[in-house]
Amino acid sequence: MVKVKDFEWIPGMTVKELVEAYRGIGYQSIELRKAADVIVKMKKDNSKIFLTFTSNMVTSGLRGFFSQIIKLGMCDIIVTTVGGIEEDIMKASGEQFSVGTFEADSVELHEKGINKVGNIFIKNESYMKFENQMNELLLKLYEKQKRWAVSDLLKEIGLTLNDEQSILFQAAKNNVPIFCPAITDGAFGFHLYLFQQDHKDFIVDVVKDFGNILYCTTHDEKKGIIALGGSISKHHALLSTLLNGGANYAVYLTTAHKTSGSMSGATTEEAKSWGKVKDESDIATVIGDVTITFPLTMIAAMEQLKEEKLLKSIEKEKTEEKLNEKKDLNKLKKLAKS
Amino acid sequence: MVKVKDFEWIPGMTVKELVEAYRGIGYQSIELRKAADVIVKMKKDNSKIFLTFTSNMVTSGLRGFFSQIIKLGMCDIIVTTVGGIEEDIMKASGEQFSVGTFEADSVELHEKGINKVGNIFIKNESYMKFENQMNELLLKLYEKQKRWAVSDLLKEIGLTLNDEQSILFQAAKNNVPIFCPAITDGAFGFHLYLFQQDHKDFIVDVVKDFGNILYCTTHDEKKGIIALGGSISKHHALLSTLLNGGANYAVYLTTAHKTSGSMSGATTEEAKSWGKVKDESDIATVIGDVTITFPLTMIAAMEQLKEEKLLKSIEKEKTEEKLNEKKDLNKLKKLAKS
Amino acid sequence: MVKVKDFEWIPGMTVKELVEAYRGIGYQSIELRKAADVIVKMKKDNSKIFLTFTSNMVTSGLRGFFSQIIKLGMCDIIVTTVGGIEEDIMKASGEQFSVGTFEADSVELHEKGINKVGNIFIKNESYMKFENQMNELLLKLYEKQKRWAVSDLLKEIGLTLNDEQSILFQAAKNNVPIFCPAITDGAFGFHLYLFQQDHKDFIVDVVKDFGNILYCTTHDEKKGIIALGGSISKHHALLSTLLNGGANYAVYLTTAHKTSGSMSGATTEEAKSWGKVKDESDIATVIGDVTITFPLTMIAAMEQLKEEKLLKSIEKEKTEEKLNEKKDLNKLKKLAKS
Amino acid sequence: MVKVKDFEWIPGMTVKELVEAYRGIGYQSIELRKAADVIVKMKKDNSKIFLTFTSNMVTSGLRGFFSQIIKLGMCDIIVTTVGGIEEDIMKASGEQFSVGTFEADSVELHEKGINKVGNIFIKNESYMKFENQMNELLLKLYEKQKRWAVSDLLKEIGLTLNDEQSILFQAAKNNVPIFCPAITDGAFGFHLYLFQQDHKDFIVDVVKDFGNILYCTTHDEKKGIIALGGSISKHHALLSTLLNGGANYAVYLTTAHKTSGSMSGATTEEAKSWGKVKDESDIATVIGDVTITFPLTMIAAMEQLKEEKLLKSIEKEKTEEKLNEKKDLNKLKKLAKS
């Protein structure tokens, strides 16, 4: 049996070392370490990996991390909510969101044309620019065909974006489908509606897309789920694996608890009763804010996979370049101090 | 300023009296009392009322309460997730769910064909019967027309159900549209998909339904929102009122906190920054499990509205009958003790 | 197996009827109903009942309810934190706390001499009056004896208060000891310290009080625990029953979850591993704000015990008087409407 | 205004770099970054630093980290609950706790003599050994003097322990007082009681200890608080700084929310209304499990302080030795792979 181990900081400690130490600390740190292990396992086992997240995570700086994860081949299917798609497009066109505070006065913000998502602020202008983009985009799509499955439509949009850090761009480029079962639940939906008013034969076919997610994986393939937060993104991935015999691996990172019977709080353990994850599967549920826990978990997993050469080659030049930059910086710092 | 007031139980106390006492107790009880007040106000102000809930609440016994609320004219528009629609249909065909425990072993349950939602159990059979129903239903719908907006489709289904306690039935009967922006995210979606395989021109038009929810209310009408839990049901109602100038009243009952920037945890206060609720609006957020808090809040509001004769006439005979039953029971009890 | 049952409001519904309906609703409402059942059982089984709460609950209007519970013989031992004792004394001298909001600006409040506990406000003056009282009280106690066990000291104070709604008063009058293992953790502690400066032989003997709580119950007696919130009040009651062979019944009402290994979140289930509650014991954990859940749970239990004549006689005149008042009020209301 | 910044993993990333990136991610990661900043500031400002934690954190591997923090001069005063003191002593005598699971059956564990704290297991034997130690310890203390303030008593015990990773040992060695306002609320209390039965003049003077914590700091000194979790440990530190004019800096890491008015959930913002932290103070509240968040926050702060040579010299040889070990290990790993 693993023993609880006194944690000690070593200066210069890496994220990998800290998450390894979590194994012997306690409570959610133990679960987080387990989650990293499960992700390593699902990858080693050649699983098709579903990554699900909600729109507030795309509002945050995790957006760039998601696109990096796609680039590194760490996920095969994405499920998200439409807000995340909108904001990925906004950011791809250069819009920037600001760090604010939870306590900021909402009425004052509203008067300034600022929208609050927790402690992140989004300007109304960002939404207005998005509006203009959408009209053009939809016209191009419509010229190509009249009836679109959601994931096909999102891929097409992704290809038009020119931003390495965009989720839609990386997904399109790396053949990772993005599913969004409630595509109309946002500004995106409003623009689809306006467009349809002038183009009655324009159809967004959500039913067809059900087939697309269904045939992303097969009964025989190993399947893994990494679900961040709850909502329909989590549920849709689970449903899809369920219909294909259940997932073999599942990691949930969430702030919700199982005590209210909600989807957000439903644990990996509960999913077994549904056949949503297989009985013998490797599972972990970590309670905590994903802006903290997801980088930790994923970095720990990817560092290990990289060591074992199981990670899609990182664009080498870029990484080395960055590392060199860092070294140079360190050199400069040292010089500055001497 | 209202003073904190020592609470004292009076034998035979009614729910109305307890929730009135909450005004002077503290913390979430104060917020709950405020929520009841806001509901009374939105009704008195002739607001169009959006009621939103997630599927786990339909799994629970709140389902009958929701249909009663529709019947009593306490909501004008419903937004929910598809699981709730499925389960409402199952229950309308006589399926029953059981009270279990949170701790029940999920693997054992799975082997017995039982699915767990918190401490509620659903048999696989219930899903299988639903499957059979769906085929028939969809065929009838298809014969009528090929292209369906979601809320129209749900109304049509509601009319076929013969259960006074069904949400879909009461909604259809009382002209309360039900919106479900992710109609494919459940067994329902799978059946739609299977059906479309044989009927390629069958279309579920989610874009058209955006227009339906948009035109449910106008800029000039007063609008109120009662949002239970989070997810797209809450978000979709907020979006719809936002596009019509914002809600005037908003009550959120949820277990989530605003600290993680999630939709479930977003407060009524935060909604103001978006113009989702108007700045001057009356708002309340109550943290707690809705199976406990919603009956309390809603009963307190409805008792008061009833007193002021602002509640759609309750089927009088039925109520009186029940009250008489109760009295008889009390009489019998008293006799038994004497 | 109990079935989930469609909930339906009946106008005039009592708290007892609502909590009975909770049995078939779901999630925490089911647990709340179970908690009421466990309390009824512990009482019927003649258990010694520990009631524990934290100081913020005495800040709230639950204070009067706690004293009523003592008066009705529904608890035999109390464990709390010192803030609750201070505020009970303040309220007994006529101080009143106000209902505020969670969002009120703390800096502004501080400037006005107002202290915030969630959405309840306490004036600095209330603390200052308390100071004056304490000096006098401690001198009287000191004249009686030099070395005091905490619970003896609190009983003595209770007898000096003249307020039917005071916890300390009712506890003293009804021989219910109040334990407070961290008696110095508040303004009370500061005054004890100041007093000791001038009276070096004045001793508050916490060790001796350990014996007092230990001998409150025996191995052979049935023991029950009703723990509201967490902290040392919950832990101390558990510890005391543990040393006497474990509790037979346990009900926890809390907002905390077990996932962080905290005392507040530790469940009744976990307590079994410690022998803190007996393996075969009847237990229930309800997640939610006690200002909402405790009145519901306790009223449901007491209504049933009253019906079965197992409740210490309520001062009959008073109750009847109140009931008559209510009836008169109803009459007047009816007249007013006719 | 700081912008939200796309996060990108760089292989080999250090904890310092990750926590720096948190500044631009969102939600609680932003708050965590702020908390690290506040800790750096309080140290640079020569504040007296209060570190408070609850016993479950000593159960965990954070115990070693706490003692390292004392050794590095990062805290001046400790406040904790008695369970943590007991378990620190147990671990100092070689007892080991195990990593288990939250789901483990409590009744089975009880039969095996295992106690569960979340997902950490403690054997009954560990408690029995502690019992034997206590008798001896108390006799020695009694021989020295009859009346003990709690912090003096804990210092004396600390000096007898011979474990570099013990909190009590490091605290005693580094003149960091440990306060424990509810010293009897645990096995420790039981042993004090048994001892007093045979030594009636043995007194644990909690009132005197109030003076000790009061005079730890002065009005004029800068004061900082790092509070992990809630309970009396947090409250006692706040009370003590309040009486000395309020803290200048405050960092709370907790899983509790302010919505129920509890001490655990009370925010740094609310503390301002009490004068518990000064109005102009630098404050941060981070919601999350401290086993994850505290190492991150504290490492980030200490790395920066180390860089600026503001950290008490780490025993150099030891660190270098460890670093060399690590390098050797890496060499061996590389060889093994080649």
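Order of writing sets the labels: A, B, C and D. Residues in every chain begin at 1.
Quick note on the criterion: a residue touches a chain if its C-beta (ideal position, glycine included) is under 8 Å from a C-beta of that chain, and two chains touch if they have at least 3 such contacts.
What you are looking at is a predicted structure, and each value in this text was computed from that prediction instead of being measured.
Asker: Looking only at residue numbers at the chain B/chain C interface, is the share used by both copies over half or under half? Answer same or different.
Answerer: The interface of chain B with chain C is built from mostly shared positions.
Asker: Please indicate which chain is farthest from chain C, where distance is taken between mean Cα coordinates of the chains.
Answerer: Using the mean of the C-alpha atoms as each chain's centre, the farthest one from chain C is A.
Asker: Express in whole angstrom the distance between the two chain centres, defined as the mean CA positions of chain C and chain D.
Answerer: 30
Asker: When the C-alpha atoms of chain B and chain C are each averaged to a single point, how far apart are the two points in Å?
Answerer: 34
Asker: Quick one: report the Å distance separating chain A from chain D, using the average Cα coordinate of each chain.
Answerer: 34
Asker: Centroid of chain B to centroid of chain D, CA atoms only: how many Å?
Answerer: Between these chains, centre-to-centre, one finds 45 Å.
Asker: Got the chain A residues that touch at least 2 other chains?
Answerer: 26-28, 56, 59-60, 118-120, 257, 259-261, 269, 287, 289, 291
Asker: Would you tell me which residues of chain D are touching chain A in their complex?
Answerer: Per the stated touch rule, the residues are 1-16, 18, 21-32, 56-57, 59-65, 67-68, 91, 96-100, 103, 118-121, 165, 269, 287-289, 291-293, 295-296, 298-299, 302-303, 306, 314, 319, 322-323, 326.
Asker: Using the touch definition from the top, list the residues of chain A that touch chain C in their complex.
Answerer: 26-28, 257, 259-261, 287
Asker: Within the complex, which stretch of chain B touches chain A?
Answerer: Going by the criterion above, the answer is residues 54-56, 59-60, 81, 83, 102, 106-107, 109-110, 114-120, 147, 181-186, 189-190, 192-193, 196-197, 202-211, 214, 229-232, 235-236, 239, 243, 255-266, 269-275, 279, 289-291.
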